[in-house]
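Lettered A, B, C and D in written order, each chain numbered from 1.
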Amino acid sequence: MGILNYKFESGNILITSLDGLLNWARLSSLWQMQFGLACCAIEMMAASASNFDIMRFGVIPRATPRQCDVMIVSGTVTLKMATRIKRLFDQMPEPRYVISMGSCSNCGGPYWEHGYHVLKGVDRVIPVDVYVPGCPPRPEALLEGIIKLQEKVRKESLAKKTVPTA
Amino acid sequence: MEAVRTYFRDIWKALSSIAVGLNVTIRHLVRPAVTIQYPDVKLKMPERARNRLYVNIDDCIGCDQCALACPVDCITIETIKATPDQDLGVTSTGHKKRLHVPRFDIDIAKCCYCGLCVYPCPTECIVMTDVYEFSEFDRHNLIYQFSAMKPDQIDDAKAKLKKAEEEAAAKKAAAAAAAEEKKKSEQSKQG
Amino acid sequence: MEELLQSIIGESWILYVLLAAPPLVFILVYALVTVWTEMKVSAHMQDRLAYMYTGPHGILQPVADILKLLQKEDTVPAAADKPLFIMAPYLVFIGTYAGFAALPFSSAYIGSDINLGAFYIIAVSSIVVVGLLMAGWASNNKWSIFGAMRSAAQIVSYEIPTALALLVAVMITGSLNLQDVIRFQEGGILNWVVFGGPLPVVQKLLLLPFTVTAFLIMFIAGVAEVNRTPFDLPEAESELVQGYNTEYSGMKFAIFYLAEYANMYLVSGVAACLFLGGWSSPFGDFMSGPLWGVFWIVAKGYFFVFLQIWIRWTLPRLRVDQLMYTSWKVLIPFLFVCLFGVGLILVL
Amino acid sequence: MELTTIVFYVFAAITLIAGAIVVFSRSIVYSAFALLFAFFGVAGLYVLLMADFLAVTQLMIYVGAILVLLIFGVMLTTRVIDVQMRTGTIHVLPALLIVAALAGVLVHVLVSTDWKVLPELFTPEETAPQIGTALLTTYVLPFEVASVILLVALIGAAMIARRERKV
């Protein structure tokens, strides 16, 4: 995606309609990194289960980072795990997105002040696209996060990676 | 002989158990799905669901009880004393408000939804609502500011308090000086 | 079809390209449909819905998946063996696609009407094994190589039951040419090899237990050969991440995916041709003809594809020793008995 | 040029290039994988020689069994993560002598053969039934002996590989 950065500042009809198609493809097929960290992972699993069924949005868990589009950081990011998360994120091919799920990965959550072993927010190691609050968030809250991410992807363009949101 | 019998029994067991499993899955295939299609259909939250915090700032008396109760210190409250001439009114529970609340921030990103802040509140102004869909692109948007006071109002209140304090201090100083004077004169009289 | 095309465009290389194209078109369309079917069937078996927002009931989801995979960054790990890494998915696909050459689609169309059809398909699918080993080796990743080795061991050992089961059908029909095998079974459902073929009633009744067993074993071995649950040890997520395609992303992964689904149809198609009368109608002359033939073979093949999906979402994964036990100690002895029985009955 | 001729040259080129890689590649893994293409090319040549059964058997036995076994051997004898499998050049003189002798034989065969060109493309007869009949009538003794030897080898391998059971 980087090659075309800022080459079509104004954009034209061809680019925009192609953008629409490609964005549609990307946003409706967000394959998820199959890993969970802590209690939020339980809710993430619940979101995949029958009642909430995250697959309705095209989110399929893939075991290998090479085939993933979105990483759902679900749970407490300990300092030890942070390096692994960083590595997994680096292994994901572009375009890639990150959803930070739950208080712990948003900002350290209950451990933000005295947790000597917890990373105070996963955005200190990888760029986060959507923060889903909750401790843990309801499965619906995660689904809402996915929808939010889809909105963000929809606004992207081939020429510019992200349109700055107002 | 026993081995041969086990061999064939195992094969039979495998086939029959596969058939049982296939029967279960095919029956579920034709059964209607139980999925709640989230953005279109939403689950009704139970009555005591604990989700996002809400503060009715009109009722807040700035007692700081909730901030003290919070196990993760996600509530920050600053208060300014009201001067005697100001009447801040009463809360809906009948408590008299004596403090301005220029800052009432809750960092929802830190909040762990335990609900401990709700119980000590004397005016029941901090409550847990059933709103759970509020994800953000930027983490700083998750810091919710509930105070209704505008910056000039805060400055005003601060200035008033300062003035009142100065006046009080001056009065005190004057009283102290008068007392000193009195003491001195009494001493000199005695002397 | 060959004669028809020959009369239109004459003898040129375009003729051969046109003759080779239909299976490719079929594979592409079929893979899109099956990806969707698999996810929908799996979801409904779990009382879920899956794919609701891309077209009605998500029918455009496979298109979205493919378009997304096209946009993905095509990574080659720094430590990988680059030429082999790039070649492997194509080799796997070529192995599968070459098998389709001898798979009949109707009485009028078969890619290559060779005398050794069934034998050729079994032989050519061994290229897939080499492709998988290549992928596993070139990725330079321990999970990949373990996956590739498991996969190769599994396919090589399950090729034997497949070939033996195929022999049972071939002994009855007396030909390795799949078109001949199907013509042998024409004339209604009772003439299918699984019901003993068009032989005298006594012979049919005697053959029935052996043909049914051979057919079942052919199907089981076919499931094992395409590495699907319950035989999906090469891709066991809980142990091996994603097996041999752990390091593949974007289009290369899509080709692996395509080859896997094409392989599913290949084993189903061969089983349908050998035991269920291929393109011949189950009602004798009713609804038969070249075009109905396409319908019947695709319907029969797709039924097995559905069966594979059904089994995948029902059964848990086997252990490695159970896998080998099933092949060497159950399927192969049973097939030897079948071969012997069928031979005896046919001779008498 | 006729299509068959082009196909022949394509298969010949595949075989030769793959063979060259097998011989000259420094990496054993590359050699092993190049063998696949060599076998494949040879199978194609067999098809052009109307020996379809032989071609398919070539694929089945050499690609499906021997090559897989070979690659397994190569992969298992090195450490899994180590790609540094190299072949060196040793015993140049004996190799040259053997190669020269072999080349002499082959050239002699090439020169002394009475080459016949088929007049035109003809439909081949089925070779599989002929081979089957020949194996079970004329050559039944060598065939059976070979299979017994293979069976003995198989049982022997199983015996050697079997873990000693502790009593």
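Following the convention adopted for this analysis, contacts are C-beta pairs under 8 Å (C-beta built on N, C-alpha and C of every residue); 3 or more make two chains touch, one makes a residue touch a chain.
Quick caveat: nothing in here was measured; it's all calculated off a predicted structure.
Asks: From the centre of chain D, which other chain's Cα mean sits the farthest off?
Replies: B
Asks: For the pairs A-B and B-C, output the one whose chains share more C-beta pairs in contact.
Replies: Contact tally favours A-B.
Asks: Please tell me the distance, in whole Å, between the geometric centres of chain C and chain D computed from their C-alpha atoms.
Replies: Distance between chain centres, rounded to whole Å: 27 Å.
Asks: Just give me the whole-number Å value for how far the CA centre of chain B lies from that of chain C.
Replies: Chain centroid spacing, chain B to chain C, equals 60 Å.
Asks: Take the average of all CA coordinates in chain A, do the same for chain D, and state the distance between these two points in whole angstrom.
Replies: The computed centroid separation for chain A versus chain D comes out at 52 Å.
Asks: Return the residues of chain D touching two or more other chains; collapse runs of consecutive numbers into ranges.
Replies: As it turns out, chain D has no residue touching two or more other chains.
Asks: Would you give the residues of chain B that are in contact with at least 2 other chains, written as numbers and ranges?
Replies: Within chain B, the residues that touch at least two other chains are 33-35, 37.
Asks: At least two partner chains per residue is the criterion; list those residues in chain A.
Replies: 50, 53, 56
Asks: All pairs of touching chains, please: list them by chain label.
Replies: Every pair of chains in contact is listed here: A-B, A-C, B-C, C-D.
Asks: Looking at the complex, which residues from chain B come into contact with chain C?
Replies: Its residues touching chain C are 11, 18, 21-22, 24-26, 28-35, 37.
Asks: Looking at the complex, which residues from chain C come into contact with chain D?
Replies: 13, 16, 81, 84, 91, 114-116, 119-120, 122-124, 126-127, 129-130, 133-134, 137, 140, 142, 145-146, 149, 152, 156, 159, 176
Asks: Give every residue of chain B touching chain A within the complex, in rising order.
Replies: Interface residues on chain B, with respect to chain A: 33-39, 42-43, 51-52, 71-73, 107-113, 132-139, 142.
Asks: Considering the complex alone, what residue numbers of chain A touch chain C?
Replies: 1, 21-22, 24-26, 28-29, 34, 49-50, 53, 55-58, 60, 62-64, 66-67, 69, 93-95
Asks: Which chain D residues qualify as touching chain C in the complex?
Replies: That would be residues 3, 29-30, 33, 36, 40, 52-53, 56-57, 59-60, 63-65, 67-68, 71-72, 75, 80-81, 83, 126-128 of chain D.
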